[in-house]
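Shown next, in structure tokens, is the structure this report addresses.
Order as written gives the chain letters A, B and C; numbering starts at 1 within each chain.
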Amino acid sequence: MRLRLTPRNASFFDLLAESASHLVRGAALLAELLGADKEDRKAIATKLREAEHDADEATHTIMRNLNQTFVTPFDRDDIYGLASRLDDCMDAMEEAGDLVVLYELGVLPELIIKQVDVLQRCAELTADAMPRLRSMKNLTEYWVEINRLENEGDRTYRRLVAELFNDGLEPIQAMKLKDVVDTLEAAADSFERVANTVETIALKES
Amino acid sequence: MRLRLTPRNASFFDLLAESASHLVRGAALLAELLGADKEDRKAIATKLREAEHDADEATHTIMRNLNQTFVTPFDRDDIYGLASRLDDCMDAMEEAGDLVVLYELGVLPELIIKQVDVLQRCAELTADAMPRLRSMKNLTEYWVEINRLENEGDRTYRRLVAELFNDGLEPIQAMKLKDVVDTLEAAADSFERVANTVETIALKES
Amino acid sequence: MRLRLTPRNASFFDLLAESASHLVRGAALLAELLGADKEDRKAIATKLREAEHDADEATHTIMRNLNQTFVTPFDRDDIYGLASRLDDCMDAMEEAGDLVVLYELGVLPELIIKQVDVLQRCAELTADAMPRLRSMKNLTEYWVEINRLENEGDRTYRRLVAELFNDGLEPIQAMKLKDVVDTLEAAADSFERVANTVETIALKES
């Protein structure tokens, strides 16, 4: 229970919200890429990489401001952690899209599409939650829902990998698909870590 | 070296000890599952999932109490971190058991059984150590022993993977087994992270 | 902006620098091992393991000193975190070397050699940076360059894995090589985490 003797600096909230808004765009591009024909994917992967660069810029702006700002709305470490973890989400989504292109994969299993649906929902919830950091109100529903989605995603993930292994795929093909599926699961884990970081911040500020 | 002006709240220690006791139960069920015949494993996996749910409940109780308690026996962040990492141990053990069932594996290599022996020993040591957080005494032997076990487990792990790759297994079978072995290794790493967290807390409190 | 009422303890800087110097030696041995003939690798792997033991010793000395020192030059947690992450770099490099021997691999793909070049450069930059923690000056160039190298390494990594999967390798051979390549990528990630930790410390101390 810290005393607050200083006015809160608003701009970090705007920057975190901007960073999260790139995730919504990234997740939508990833969904588009996975559903596209093989020959159309490269162009979408380029757009996804651009979204990742924009997210990087937003992260660097947060870090630069942290360096130059005396008063931060909550612990510097926590802003740093939150910005880094938002960045991890984008990195994993960009990587998954890139792998689909690099591995020259064809039509993807239905359950992979479901994994990306979960990521899109996570991105939207995260973008909605960031502005609420200002008041620290109504955040519980956000992290509870992210945790629920991550658990659901986890079950989908395991069924999907079992399917890849049990369905008589050619081994190298199974390895390629597992790598994509693992990277999508890492993206879901990153969204959960963002939510856990928000929960930790809320605990401290309460 | 913080001054302690407030009485310590005992219940967090009880809750952490309870959480660790679920790990002992989980590790025993995992050992039973791996040693069982293929057709008996599903029923044991259900019990393992129940243990994981109970552990989740214990973790959530800790988090809820953190939210509602003004004075905590040590830093909120550290209690949060410790509870999360105990939960990671259970998650990895439950996942390993589930994968063995989902991948429809038969008799498992001898060295996998050895990996689970290490996990059982880690779970027991962790459950024994949690009540000692109250006095912060006699914890060094705990984290030293966990680190020793994890190093031993690491050597077993590498030999085991080399064996899977060098012994002429069918590729998909090697991939399935490697996935189980990796998940068991992740469980051992999680026990080490619990021990490292306890060590960090002890450093701060000393 | 903490007040500093106490003299700074120099020896932690020396110990962190020593720890980083083992990484330079380890990365050089790893490069030697990967470029060597199959029959010469075992002897180099033994030297790499010795470097890893020496690094472990340095880490333990830091931890012991943390335990016994009242005043530390910066937060105990941060020294602990930095020492642990330096240790992670060495662990991953030693593991990569060990896997090459255990998997009985022959001549390695050109791009793997490039991955290790990046690690050698990271180790040198890290060893150069550690003494500058004393003054907290001129560290920005270090973490910017590590992040640049890690991004470059990331691109190499993805191309390399795509090459393993697309070039008609025998599946088990592809799995072995991917495991080595993943472990080298984990080493690069660990160097990045060291740099991120230094950045966080610099932010707090600024």
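Some observations on this one:
Basically, a residue touches a chain if its C-beta (ideal position, glycine included) is under 8 Å from a C-beta of that chain, and two chains touch if they have at least 3 such contacts.
It should be emphasised that the depicted structure is a prediction, and the values quoted were computed from it without experimental measurement.
Judged by the touch criterion defined above, the protein chains are all mutually in contact, each touching every other. Residue numbering shows that chain A and chain B use the same positions for less than half of their mutual interface.
A straight line joining the Cα centres of chain A and chain B is 27 Å long.
Those residues of chain C in touch with two or more other chains are numbered 171, 175.
Residues of chain C that touch chain B in their complex: 63, 66-67, 70, 76-77, 80, 84, 95, 98-99, 102-104, 171-172, 175-176, 179.
Considering their complex, residues 1, 158-159, 161-162, 165-166, 169, 171, 174-175, 178, 196, 199-200, 203-204, 206 of chain A touch chain B.
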